[in-house]
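Note that the chains take the letters A, B, C and D in the order they are written out, and that residue 1 is the start of every chain.
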């Protein structure tokens, strides 16, 4: 079976869906960050595939940028996570409800 | 200075209010009286300068504000607005002079002066947006007066007052923007000038919608049934001065706006809605009079009586002929004087007894004869006794509407019956009978300060009732031009039939003038 | 002559204002004297004007503009013509007498000055009413007398019954005034003017229905002021006011304003004989209706009030039948003897310490000779016995009814004449004759001040001789009013009728004397008569006041309460608050979606996205379906 | 193999980067100075930042002049697009930042202002926003967006209170999700059209007459979700109240202005061509979103007990209001958007500064949030001027004439009227009435209630001369806005019209 663009896109979509489910389901902050990474990487697959399909570099460029941004996001996110952990000793989402209404 | 007299009239109180922050609080009242008196004399001077024979706008001033969007600072007055302006300045003066409030007087005075600016501004504005600015701005001082110096339910009352009127005027604002858009479509230019809008002839279905949009804003302000329920709360909770200004001036903004906007802009719609509005007006007159009769609190009686009388004003306005509209404009002034005086009078007794329940009184006529006399005169004026100011207005309003509908006028005319019922029974409860409560036995009669405020009102009530010409004539002249404008713009057959054509009645007019 | 007009008109006003200056101060004799003096001045001016008018002139002035807008032009215009000058004379004579009388009557009252202020103000309003040259001016006076009537009925404001009666009078009059206003509106919109001369000149050109409506509405207005059925109840209650007030306002002047209006508007009523007939029928009905109530009443003033009512009925019969000058003549004669009767009753009241029940009096003729004579003569006049004033005027009305072939009306009026004689002399007999029942109550009656009796004398004289003015009066007013003479052509019939009437009346007088002149006990409501249905019906005024209370006052009060408590607060206001609350409660209920939990926040985002995607897919499917079909 | 690319420097038009570069250089300079000398006073950093922002503003205005002469300027492989929207957006961004950055000059000490990193992050963030608005390339938008956002997360967290961290984490996580949406949406557009430049996407779509309408809508859905988050449209708004509450009042005020205008400009570029191409779906969805956002957030704002949260919901509502301008999509409405936002920034600046000056270090017993309404009760008796100022800003937010926002409001409503959206105009107007309730509530507390003891020591404790000056500027801007409206309208219309919007 030849692997076509459609397969890549389906993979990308499925990964994105997995990411979304992870985002919704995960209560652990760290796992949540993983889920957002999955989202972005799902997109990357799509961009790379489409870029190849069009024989156009733009998509790959976009993917590169996404990778870079994902990396910085992780940096910031982990920084926040560490501070939060230092303060509360937990990385559970459900305790994070001091503001509501 | 004469060219700018309107701007001076509008902004002088505001400027004085700003400077008022500096005045020491013990002198605030004197300062307020001084400023209000100057303003009042300025407005009298305006009357002096006013040419009563001209029906159009006078003392026009124009300065661009947002030229790109056609908003100009445009003010001017005609016979209709002149006297309401004088009434505003007069009542501000009377109100401040008769102030008995002791809490934070300085704040109150400053607020009142700001309020005065907005009142004069509303009646002088000839640009819809400028009108709207003052219209909305007038809510804030009133909100503060009710909310800060009012009774136990003051916050509820003030917010209700504000939100209710604000909601209505927002719908009106959309209407204004539409109007400007139609003007834009017709001429390629934005304009909010009422005078330029007058020249616009709109298709009937647009008129109907726009009329409805404006109506919401005005009707709530008036307040017309069934939008009136904010008023009893506002009056019930407001301090005396608040009620006086509210009843005397602020309510008139709504009826004034009907004359200034609804009629000349949408003559066909005015005819179309004449009967529905007349029905509302009749409900206001009769139903509210009944509600007034059921009240236990004298201030509420006066408050509901205001609504009832506003019904007559509305009816006169929608008579769409010179007699009716002149009458309704005159009645605006008359009702301002009379209801203002009645609220002042209620304030007098409230200051002494700190209650407004009629059951707490009785037999006051023997304890406070002068008070009873003045109250009696004002009550009779309110009931529409001839040779008092109210009669002229009510007579003309009903007379005017009779032309449009006989049956409606007959029902509306019950105003003079039901009005007498609640007023006389209230008067009886308060003043007649024996003094039953010990607290009432040693009540002091009206003192000099109070007389100072009340006597001028009594004089005006009788003077303009006996000789309304100085006021009625300019009003009538300006109304004639509005009616003619309406007739010229009317498109539907019915409107052309209902709105009299004054230009072709010259023969009849000249015949009358020979008297 | 204009100066006399102004003096006649404004002298009472000056008097009123002068008295008002002293309104809050204790009694000053000065106010009474000044007010009376000014009224006398007014009387003199009126007399001069009368003389002038009799020479065939009229005076018409226009003082200044009152209301002018659009086509409407209402001046303060005053006219002294043959009709108004008669009214002016009546008003000024009676009121001068009443003023002087009141100086004595109100001697001990705290509100002495206030009383004169009100009384003079009333005269002023009445003068405006009769002298105006247009309907609006008439309406000023019309309402003015209503106001003064309110003030004067409720003069003793600490009395609940007095203030109640005052309000009743005012409100009932207002009902009629509304009709009057409508009548004015109709006139204005059809003729374009409210001036009498213009209106009466043009009225014949109007279509019949409009004239009819004008006539009906104006008459309803007249019904209120003249207390015609069904708006009559206020008049008896109005007796709560001081007696001079009853004499002046509720007997001689104000209540006749309605008659005056119909007389004044005779060109209108001439065109609509059907309405005229209705007026006459109603008048006849009221005549007998009121007389019947007077038969059993035990309140001296109320009896006289019912008699007034009854006489007003007579006047309306005359006016309705087109005999305007007769109506006006009876009005004049009635004013004199009825005022006299009331003032006499005032003396009795004074003597009896405000006791009103004639059954508690008796035998007063010994102590009150002057009053006795005057009241007896006034009653004779009222009964219409020759040669007193009442004979001439009342007889004319009967003749008019007879000549116009309205025999039912005639019969009713004739019968009423008998009733009138009966109750009048029942009253006289009970008060002045028989045993001195007042002693049971420990009252020591005394005659009124001399000067009060002297003041009443002119009225007495007029009550006796007014009939002799008939010819000169006829000549005078028929310049303006239709000069219809009512002669029964057959002299035989004439004499039979006249003498028959007289006999009938005298019989009634005798009957009354026979029954009451030797009355000895005070009835206590146990006698058989007092318990029969008819008696109860009559003494309760046919239960009409009760009916009004049940039918109008109570439901109105109840409805008002419902309007406020149920409709205004529970529906109208609750709707407004309901909308506000609905919005607020929506906020309260839904803002918990912001529960602060990051997971649910993220879920909301995803849900939002999913909704968008679903919408997108749904739209696309729908869109494709539409385009497919298009292909 | 790929051919080496030859590009002449001139054709790069590298000056188009100048404004952003100035900001970035400024950030680097601040970091560099810190290396050389530590412990400088925060006022130094504030002023340095201000200076760089001034330069930034100068260069933007310079572009403005060039734009008016020559039309839109392209640069850097056509990635940079300096058109009217970009210029207006940058002006609002830079001016807004300049007004907010002096809020660091408080009289109380806050530790975040002692870090020079705070200011350099601030400048990086500004550069990010500038990139967002000055391009129609989705990559650059993404990069700008993320640069700014990441810096903003850090700035929020720097406020060093547990609520701030919570806010930062929430914002960050949701931001990451939104970034995912944006990337995925862009990917779908790329898949359909083979391009990631908005104008090329537009022309490709137009060329095949929206044959793939389904995919377009899916892509738009993702982008809408992403910008819904950025512009806090319901239901993507949930972060807003929490983040506003958690961050310092100064930063919250900033967030209510600057990031949003950047978002609006991108939304304008992205959605308006679709609306104009007759994508009915988008019109309907935007209509619903606008109405729900305005109404729901107003209703929620009514029931708030904390002023800052109330202002958060209110700014959601204002954003919804302005979003209507994008839906309407006429020149007038786009002009109205900028006018509204310019006026809004002054008023909101004042309102949030008023909160900022009365910030408490420690909560009173029983107090659950920083700025409960009770805190302001009876303010007119203790500090009349402050009460009047606050009332002024509230009235302006409520759209009471003649204060600033009123003019923006009528212009937007007028554009709805002229655009044919009558019902929308009415809904917008009536929403103002609901909104008036909660603004009034604060006025009621300030003017009609008795003071609650305990709070008085916090009023204005944080005020310094510069903060008062800022309040004064905001007040003047709010009161006398009417005189600024006409010139603003003229300039904005010129820029917007010449950019083809």
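Criterion: contacts are C-beta pairs under 8 Å (C-beta built on N, C-alpha and C of every residue); 3 or more make two chains touch, one makes a residue touch a chain.
Model, not experiment: these values are computed from the prediction.
Q: Quick check for you: compute each chain's CA centroid and the global CA centroid, then name the chain with the smallest gap between them.
A: Given all protein C-alpha atoms shown, the central chain works out to be B.
Q: Name the chain whose C-alpha centroid is most distant from the C-alpha centroid of subunit A.
A: Relative to subunit A, the chain whose C-alpha centre sits farthest away is C.
Q: What whole-number Å value describes the gap between the mean CA coordinates of subunit C and subunit D?
A: Whole-Å distance between the two chain centres: 77.
Q: Please report how many Å separate the Cα centroid of subunit B from that of subunit C, as a whole number.
A: 35
Q: Which integer distance in Å separates the CA centroid of subunit A from that of subunit D?
A: 26
Q: I'd like the Å distance between the centres of subunit A and subunit B, where a centre is the mean of that chain's Cα atoms.
A: Result: the chain centres lie 66 Å from each other.
Q: Of all the residues in subunit D, which ones touch at least 2 other chains?
A: 169-170, 173, 177, 241-242, 303-304, in rising order.
Q: Where in subunit C do residues touch at least two different other chains?
A: Residues 591, 594, 596, 598, 602, 606, 609 of subunit C each touch two or more of the other chains.
Q: Which residues of subunit A are in contact with two or more other chains?
A: 23, 32, 96, 98-101 - these are the residues of subunit A that touch more than one other chain.
Q: Okay, what are all the chain pairs that touch?
A: A-C, A-D, B-C, B-D, C-D
Q: Show which residues of subunit D lie in contact with subunit C when the two form their complex.
A: Interface residues on subunit D, with respect to subunit C: 169-170, 173-174, 177-178, 181, 213-214, 217-218, 220-222, 224-225, 228-229, 235-236, 238-239, 241-242, 280-281, 285, 296, 299-304, 434.
Q: For the complex, which residues does subunit A have touching subunit D?
A: Counting only subunit A, the residues touching subunit D are 9, 12, 16, 19, 23, 29, 32-33, 36, 39-40, 42-43, 46-47, 50, 54, 56, 58-59, 61-62, 65-66, 69, 72-73, 76-77, 79-81, 83-84, 87-88, 96, 98-101.
Q: Mind listing the subunit C positions that touch subunit B in their complex?
A: Within the complex, subunit C contacts subunit B at residues 23-24, 62, 64-73, 75, 136, 139-140, 143-144, 147, 150, 154, 157-158, 160, 163-164, 166-167, 170-171, 174-175, 177-178, 181-182, 184-186, 188-189, 192, 556-557, 559-561, 563-565, 567-568, 572-573, 575-576, 580.
Q: Give the list of subunit A residues in touch with subunit C in this complex.
A: Residues 20, 23-27, 32, 93-94, 96-101.
Q: Tell me, which parts of subunit B touch subunit C in their complex?
A: My answer: residues 160, 163-164, 225-226, 228-230, 232, 287, 290-291, 293-295, 321-323, 326-327, 363, 365-366, 369-370, 373, 380, 385-387, 391-392, 395-396, 398-399, 402-403, 406, 409-410, 413-414, 416-417, 420-421, 424-425, 428, 431-434, 466-469, 472-473, 475-476, 479-480, 505, 508-509, 512, 515.
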